[in-house]
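The structure is given below, and queries will be raised subsequently.
Note that the chains take the letters A, B, C, D and E in the order they are written out, and that residue 1 is the start of every chain.
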Amino acid sequence: MTTDYLKSVAESNQWWALGPEIMLACAALGLLVMEIILPKKDRRFIPYAAMVAQAMVLLTVIFNFQTTWLGENLFGGLIKLSPWGQVARVFFLVSSLLVSFLGTICLPRTKLPRVEFYHIVMVVTAAMMLLVHSNHFVMFFVALETVTIGFYILVSYFRDNALTLEAGLKYLVLGALSSAIMLFGIVLLYGAVGKVSVNGITHTGFEFETLNNFLRHHPDNFLAIAGALLLVGGVAFKIGAFPFQIWIPDVYQGAPTPITAFLAVSSKAAGFAVLLTLVNQVFTPLAGVLVPVLSVLAAATIIMGNLAALTQRNTKRLMGLSGISHAGYLLIGVVASFTVPWATSAVWFYLGTYLLASMAVFGVMTYLTGPDDTNQTLDHYEHLAKQHPFLGGVLAVGVGSLAGIPPLAGFMGKLLLFIVAFQAELYPLLAIAIGGVVLSIYYYFGWIKSAYFEAWRPAATATTAAPQSAITTPSLSGKLILGLLALATLLLGCYPGPLSDWLPF
Amino acid sequence: MNPVHTTLLILLLPLFSAAVIALGLRRQGAWAAGLSTAVAGAIAILSWQLIFSGQRNFPAAWEWLRLGDFVVSLGFKFDDLAALMLFVVSFVGFLIHVFSLGYMRADAARARFFGGLSIFMFSMLGIVLADNLFMIFIFWELVGFSSYLLIGHWHERAAAAEAAKKAFIVNRVGDFGFLLGIIMCYWSNGTVNLTALGAQHVPSTLIALLLFCGAAGKSAQLPLQVWLPDAMEGPTPVSALIHAATMVAAGIYLLCRINVLMVPDALTVIMWIGTLTALYAALCAVVQRDIKKVLAYSTLSQLGYMVAAFGLGSFTLRHEMGGVVHEMVIATGVGAAMFHLTTHAFFKALLFLGSGSVIHGCHHEQDIFKMGGLRARMPLTFITFTLGVLAIIGMPGLAGFFSKDAILYLALEKNTAVFAVLVFTAVLTSFYMIRLWKLTFWGTARSDHAAHAHESGLTMTLPLVVLAVLSIIGGYAGFFSRWAGEVADLVPEATGAAHTTIWLVSLGVMLMGASGAWLFYASAETDSLEGKFRLGFRGLTGLQESFDRLYTYYVAKVQQRLAMLLNFIEQIFLAGLLIRGLGGFVTLVGYGARSLYTGSLHTYVYWFLLGTALLWAFAVGIF
Amino acid sequence: MNSLHAQLLQLAIATPLVAALIMAGGLPKRLAVKLAGVAFVVPALIAAWLWQQFPAEGGATYHYLSNWDTGLGRFGITLKLGLNGIALPLFLLAATVGLAAGLYALRSGAERLKLYLMLLLTMQGGLLGVFASVDIFFFYFFHELALIPTFIMVGLWGGRDRNYAAMKMTIYLTAGALLSLLGLIAIYVKSGAQSFDLIELKAVLAHQSLAPTVQKYIFGLLLFGFGTLVSLWPLHTWAPLGYGAAPSSAAMLHAGVLKKFGLYGLIQIALPLLPVGAQTWAWPLALLAGIGNVLVIGLITLAQRDLKQMLGYSSVMHMGYCFLGIACLSTIGSGGVVLLMVAHGLSAALLFMLATSVHHRTNTFDLTEMGGLAQKTPVLAACFVAGTMASIGLPAFANFWGELAIFVALWKFSPGLTAVAVAGVVISAIYGLRAVARIFFGPPSEHLQQVMAQHPPADLGWGERLPALILLAALLGLGLYPQLLSRSIDQALPVGIAKVSAGSATVSPAKP
Amino acid sequence: MANFLFYFFALLALVSAGLVVVSKNPVNAALGLLLSLVGVAGLFVLLNAALLAFVLLLVYAGAVVALFLFIIMLLDTRLEPSKPSPRLTLIAATLGGALLVVGVLSLNQRAILLAGGASGTGPTLKHYAEQLFTTYLLPVQLVGFLLLIAMLGVIVLSKKSDQAEETL
Amino acid sequence: MIIDLPHYLLLSAVLFVLGFFGVLLRKNTLVIYMCLELMLIAATIALAAFSHFNDTLDGNVFVFFILTIAAAEVAVGLAIIVALFRQRGTVQVEALNHLRH
């Protein structure tokens, strides 16, 4: 290992390429600094500063969308920017911006430190962006663990609520378990590849290209297959795929609502981004193993998610369980991406619509949260449409989009996925997906019903008295943001052109 | 005037009248009545002009629907048969319009009534003029509809509403076969145009019988006769027009129209059905108390005569020419049936209108045992009614005598059994008509209504007089053949010994029945037959009610129960057990799936273990 | 000139949707009602004008074409609008029934009228879009657009059992729609046309048709998908329940127009594109429809006591005729189906509307508690009788022609089933007339006397009379002269059907 | 000698890990963890990664286990209730364990190891430094942030409520 | 017998399984957490072994990161456990079942 080589490696550390992540991290640090130097009465602006910073980073990414480093190995092969990475950056930034916004609604209700919330959200977002750019398992694992540990904290953020802490602990144990499993998978992959020397330069199984190259020549290597599958298991935990979906409802219910949104949207999307990268760039030669595995996972995920959601009345759990089924649909897209190249676009399109709709719904939920954040049932929605027609409308649009009802964006997402699945000839999965969508209509429609049709009250839980709802009336900016989300959902459903044009098909 | 235009005018005028009444004259009863009657008059005049202009078989057809090769066209076939029928319909129709002016004067819903009459005229004329079976079917149904409207005119009376419904539905049952027959005819012959069919067709018993179903429904032949007696719930002019003179005769007209399609097997069936209907109805008529019901059963019986005549009259002649056997069907039945149809239209309309006059005079009393002695109080009605009665029982010299003779002769020639039954029926006819006549007009008034009866006004008596005249002269060859043209040639005429036999038989039969009734019935409020022959009376009543009972039983016990059963299966099994059950099952599974989220961390770790194990198994290649 | 018409077509679809949006934007109620009225009338006028301008011999091709990119061009999805000989009658139907339902709704005095009208307008826009779409994706899209308001309307304004009904309807219809969506996607993927444009698909498949097995599966998907939407037995149980609960205007538009989506899809898309598949499924379809829809449902209708349920079942039964007509795979049959679709749309809408009018006056839907209403409300009775007569296929009403053509076509397919179908006509006469008699005739029932003592029933006001007259006029117009529409239908059909009948026995009768 | 050391350390690691799993007293478990770590550190040394062994002992034994012990004392948790685990749990655990063991064995049997052969000398501190500050500079930075948020998290989760900012 | 890669790998796997077993069986969250750490350590053994026998340094470097991350994880995890103990007064797993169904 010569110094020259090391120098050349050091030179490939193109920090500018990671401008958005660095800006985000610096801004996050800046928040902490602001908390120290600003007088107490001015600290209430910190959340807005955080949002402005994120918005600026977002704009930076959008304006530098075709950045010069696309497709190059940076940081000695740790990082590789791709068009999908750019899409992911935008996605995560939009998501974190909205989560921060939800935080500004939610946090003032508590007597908890606030700045740390935004700080961690921003750092986690930056880490997620790095995760998606990773081209190397060390980078991958470090970024992933940063995300995970950030989420440990965020999930248990409302530490004065025992249920939140319970959720935090469950997430902690299961997250650590899945990390361990995933780590073992990485280790096996590393071991399987061994040492590869090209032109005197040593490569290992940590590098995606090397691994891919190795697998191409040894598609039957047991260690590699086992490692790949354990890795997939770890990712399955992130996206909430069967049987690693089991933590989702509990953690979603316990976590603070903005964090539930963060988990549901960003964390899941990060998982899918990673899975797509792995499947499309690394594990391509393992299609023979991965396609059946992922197909079974997808089918089971759809079924389990929808069935369990059917009778769920706690809305946060419902979002979790229905989110599981969405993960199942998305997995179909991932499976299809083995044979249909543009499946990746379809998955991202779906994720985009899912972001808009979920955030709209979580926004409404945040406003509806009573004193106990963990206890939000359909009963709270009983008079929503009458008392707050705006929130009711946003909820209807969001839930409708999640259910995949035209002319809302969610429908377009499902449509593209179905087309992809058809082109990949995944007929059994399609059948299961259709069944799942039909089932999902039941509970999504039930939600809308409980918001709009006052008289509705199923016999099962009729005994519990309707909890007192404490709806926060949205501020103007809140209305604006939620309205924008709903409008975007509607417009993308009718005119999906912008998003689909923008995605690198 | 172009005959096509005239025909169109005849057909469309009543439609125009009906439309105007429906849209604008709903509350102007007098105007509506006037318009409708004026239109009827205009039709009568135009028809007269058309019939005597000598124009026949002028081409007139318009394509009305085309889908692929399937074309439905509407057009006219105006031959002598149609001309005869047109005469009957337009002329009797007009007279009945006039009669209704008086009869319905006090009715609140007069506009609706006359509107209905106009629709009826339109539909009936459509049948008469139609040149193909689809068109006949269209107007056939419309006739049924207008009949429904008119029977149910007094819809606030449950019986009237029920009767209207029954009439429509029973007719639909007949039309079930009719439509199938038409469609089958269309596919086997490629056309349903009457002229084209006449030129070439594939003989088929099934087609003939299916088409006869339609005729049986409309002409109330066994076993579809049940609606006609009930239809008397409608106003009396309606009974006269629709349920005596024209609509019920449409079945006969239809048979004559499709005579070319008939085959011997089908004709035998038709003959027996007609004969049995004649007998059955005559038997039923004997025990009726309601003046209109008697006439209704009498109509049924006479329709049976006509159908029997049609069934009888087709001789199949075989003769060889050059080794090829030719079969020829001679439509003597058409002539006999149409002849009787015409005369029957006159005297039955007369009888119904007469009964209407009686009912009107007696303040809507219809029970003949509560009448009596009307001879003096309603002289004009009495005289005309008497003429009608004589005509129907076959008094020589009156119209009915000639037409009935023709049928009996045909029966004698063709089938002795049928002849015997028809003769017996004739005895019965004479018996119940004289019974009716005696109980109504002779003796003393047996109720207040009858005691204070009064003669009807001019609008009502004038049609009676005209019809009475027609009932006298309608049977003479000179009169009939003027109208009927070629059809008159088809009427079988007895000659020589047969002539004498028929003459004597009918006279004897008439006298036997008439004298029996005259002597048997006393002027009393109870039926003498019931008093003296309790068993026979009961048998006859039972016979009359048997069909209704059977149908009621079928509807209430079979059809409705089947419907309830199916509904039960649908609600309980399909919508309930299957769908709700499936829903419940899925919900249950949902609860099951939900209960997997036990909240226990250890369980969750087991899930992870399971997942890892499964993935490992995949890697090892167990799956 | 033609582009003007294309713009008019767009305008017709856009007007109700835009009006709904404007109303959602917070228009005062008084203005909103007026705007809604305009938005219902404009499409009807445009539809009438387009119909009048439709080329006499041009039914086979699409007219008034226009094409909009929605950003999904890369998937071959564009908003392509146009009308051909089959689409035109149904477009007219949608405009007419929409007008009637709208006018009825304007004066119905429903609670939260503005929202009601908004949903109705959305439905109307969707319906017009369904039949004007040449692109089969948008065909589906507009259907869903119209379907969603139905659920909401059933849920919000529905009658008895509305919650269960709304839920059941939603799930059934969504499932059916999804199945058919799968079928449409399958066509798109398998045809290799890379386009949802029906014209293009037809061209591609005419050149290179799909493999028989593929056709079989796709047709099956479409059949059961569309079948659920059209209430093919035994997938029908949502219909009586849903219509029983739906508010009148929603029931009018759904039963009258939206339900025809599936049949339209089968005729316009499935039959021409998948002729072999159609042949495979013809017999199962005919048996299901003939025995199930016509006979079984017909008998079940006899057992109904609730007026709206009865109308719902009768609607299911009549759909059986449509399926039978489709199963014939002939121009006659399919043409009859299109005619019957239009006719049934009008008559079902009329009857559902009048049923509500009856309910307003009697406070009940229970047939056994009614009677004698005709004495007080002769016009209502007359309209109802007319509607019933139309629905049971009396000549002079449009339904007759459709049924006649279907029966004629069916004989060639199976005489036995024809007998069953024609027997169904008798059954429908029985329940139709029985209902009329129970509601209107005879002496007033005890219940009605009580109701009448409190609120003496008034006859139809103009708010109810005008829509009824519009529908009746359309029924009669088409009934008296079916060529008004049948000509364009006839021209449009052979294009698609030709391939089907080429494979099966010839359907033309032997000419003498 | 090397073999003996391997078996010694391996046994040490395994047995003390078993102690972690079975011991009823958390304190014993923590001590078991400590011993296990010592065993692993020994193995690291055998693998020519003395630096890692050092770090392991420093970070884990010195910090993590101490932290554990500290918390155990702080929380003063009682012994686990002596009632035996439900039989079902035991069975399931046994089955699960068996499954995993089978998995491990299969790994052992089927692994195709591409061992290139160990070089005689282990990496020096310089090698690590070169790696960490050139190639892996970015992850190092990221880990910095990771530690920062972990610290913040601990603060957030532990800071007394009354010290929190009042509602704005 | 030469101690070779498979030995280390087997040891690592067994240790991993032991850790998993502990997570499955123990009721004290603190001990569960220790077992999780054990699993991570198990992975590092394999990593170091691979690194050693393949003569690549990256594995060892990765161990660095893993140890750091594990430490941070422990800190956060213990903080959560402590906070939960403050609320519930117990760290037993059975108490962690308020969120369910």
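Criterion: a residue touches a chain if its C-beta (ideal position, glycine included) is under 8 Å from a C-beta of that chain, and two chains touch if they have at least 3 such contacts.
Since this is a predicted model, take the numbers as computed values, not measurements.
**Student:** Using the touch definition from the top, list the chains contacting both chain A and chain C.
**Tutor:** Shared contacts of chain A and chain C: B.
**Student:** Chains shared as neighbours by chain D and chain E?
**Tutor:** A, B
**Student:** Taking the mean of all protein CA atoms as the centre, name the chain whose own CA mean is closest to it.
**Tutor:** Chain C is the most central one.
**Student:** Tell me, please, which chain's centre (mean of its C-alpha atoms) is farthest from the centre of chain D?
**Tutor:** The most remote chain is B.
**Student:** Which chains touch each other through the most C-beta pairs?
**Tutor:** Comparing chain pairs, contacts are most numerous for D-E.
**Student:** Let me spell it out: compute each chain's centre from its C-alpha atoms, then which one is farthest from chain E's centre?
**Tutor:** Computed centres place B farthest from chain E.
**Student:** Which integer distance in Å separates the CA centroid of chain C from that of chain D?
**Tutor:** 69
**Student:** So, what's the distance in Å between the C-alpha centres of chain B and chain A?
**Tutor:** That gives a centre separation of 77 Å.
**Student:** Any idea how many Å lie between the Cα centroids of chain A and chain D?
**Tutor:** 29
**Student:** Just curious, how far off is chain E from chain B if you go by their C-alpha centres, in Å?
**Tutor:** The answer is 96 Å.
**Student:** Among the residues of chain A, which are close enough to touch at least two other chains?
**Tutor:** 138, 142, 145, 149, 152-153, 156, 159-160, 169-170, 173, 177, 191, 194-195, 222, 226, 249-250
**Student:** Residues of chain B that contact two or more other chains, please.
**Tutor:** Residue numbers touching two or more other chains: 594, 597, 599, 601-602, 605-606, 609-610, 612, 616, 620.
**Student:** Send over the residues of chain C in touch with two or more other chains.
**Tutor:** none
**Student:** All pairs of touching chains?
**Tutor:** A-B, A-C, A-D, A-E, B-C, B-D, B-E, D-E
**Student:** For chain E, which residues are in contact with chain D within the complex?
**Tutor:** Within the complex, chain E contacts chain D at residues 1-11, 13-22, 24-28, 30-31, 33-35, 37-38, 41, 44-45, 48-49, 51-55, 57-58, 60-61, 63-65, 67-76, 78-83, 85, 90-92.
**Student:** Considering the complex alone, what residue numbers of chain D touch chain A?
**Tutor:** 107, 110-116, 127, 130, 134-139, 142-143, 145-146, 148-150, 152-153, 155-157, 159, 161, 164-168
**Student:** Would you mind writing out the residues of chain D in touch with chain B in their complex?
**Tutor:** 89, 92, 96, 99-100, 103, 106, 110
**Student:** Okay, in this complex, where on chain A does chain B touch?
**Tutor:** My answer: residues 169-170, 173-174, 177-178, 181, 222, 225-226, 228-230, 232-233, 236-237, 242-244, 246-247, 249-250, 289, 292-293, 304, 307-312, 317, 439.
**Student:** For chain C, which residues are in contact with chain B within the complex?
**Tutor:** 168, 234, 237, 241, 296, 299-304, 330-332, 335-336, 372, 374-375, 378, 382, 389, 394-396, 400-401, 404-405, 407-409, 411-412, 415, 418-419, 422-423, 425-426, 429-430, 433-434, 436-437, 440-443, 481-483, 486-487, 489-490, 493-494, 497, 507-512
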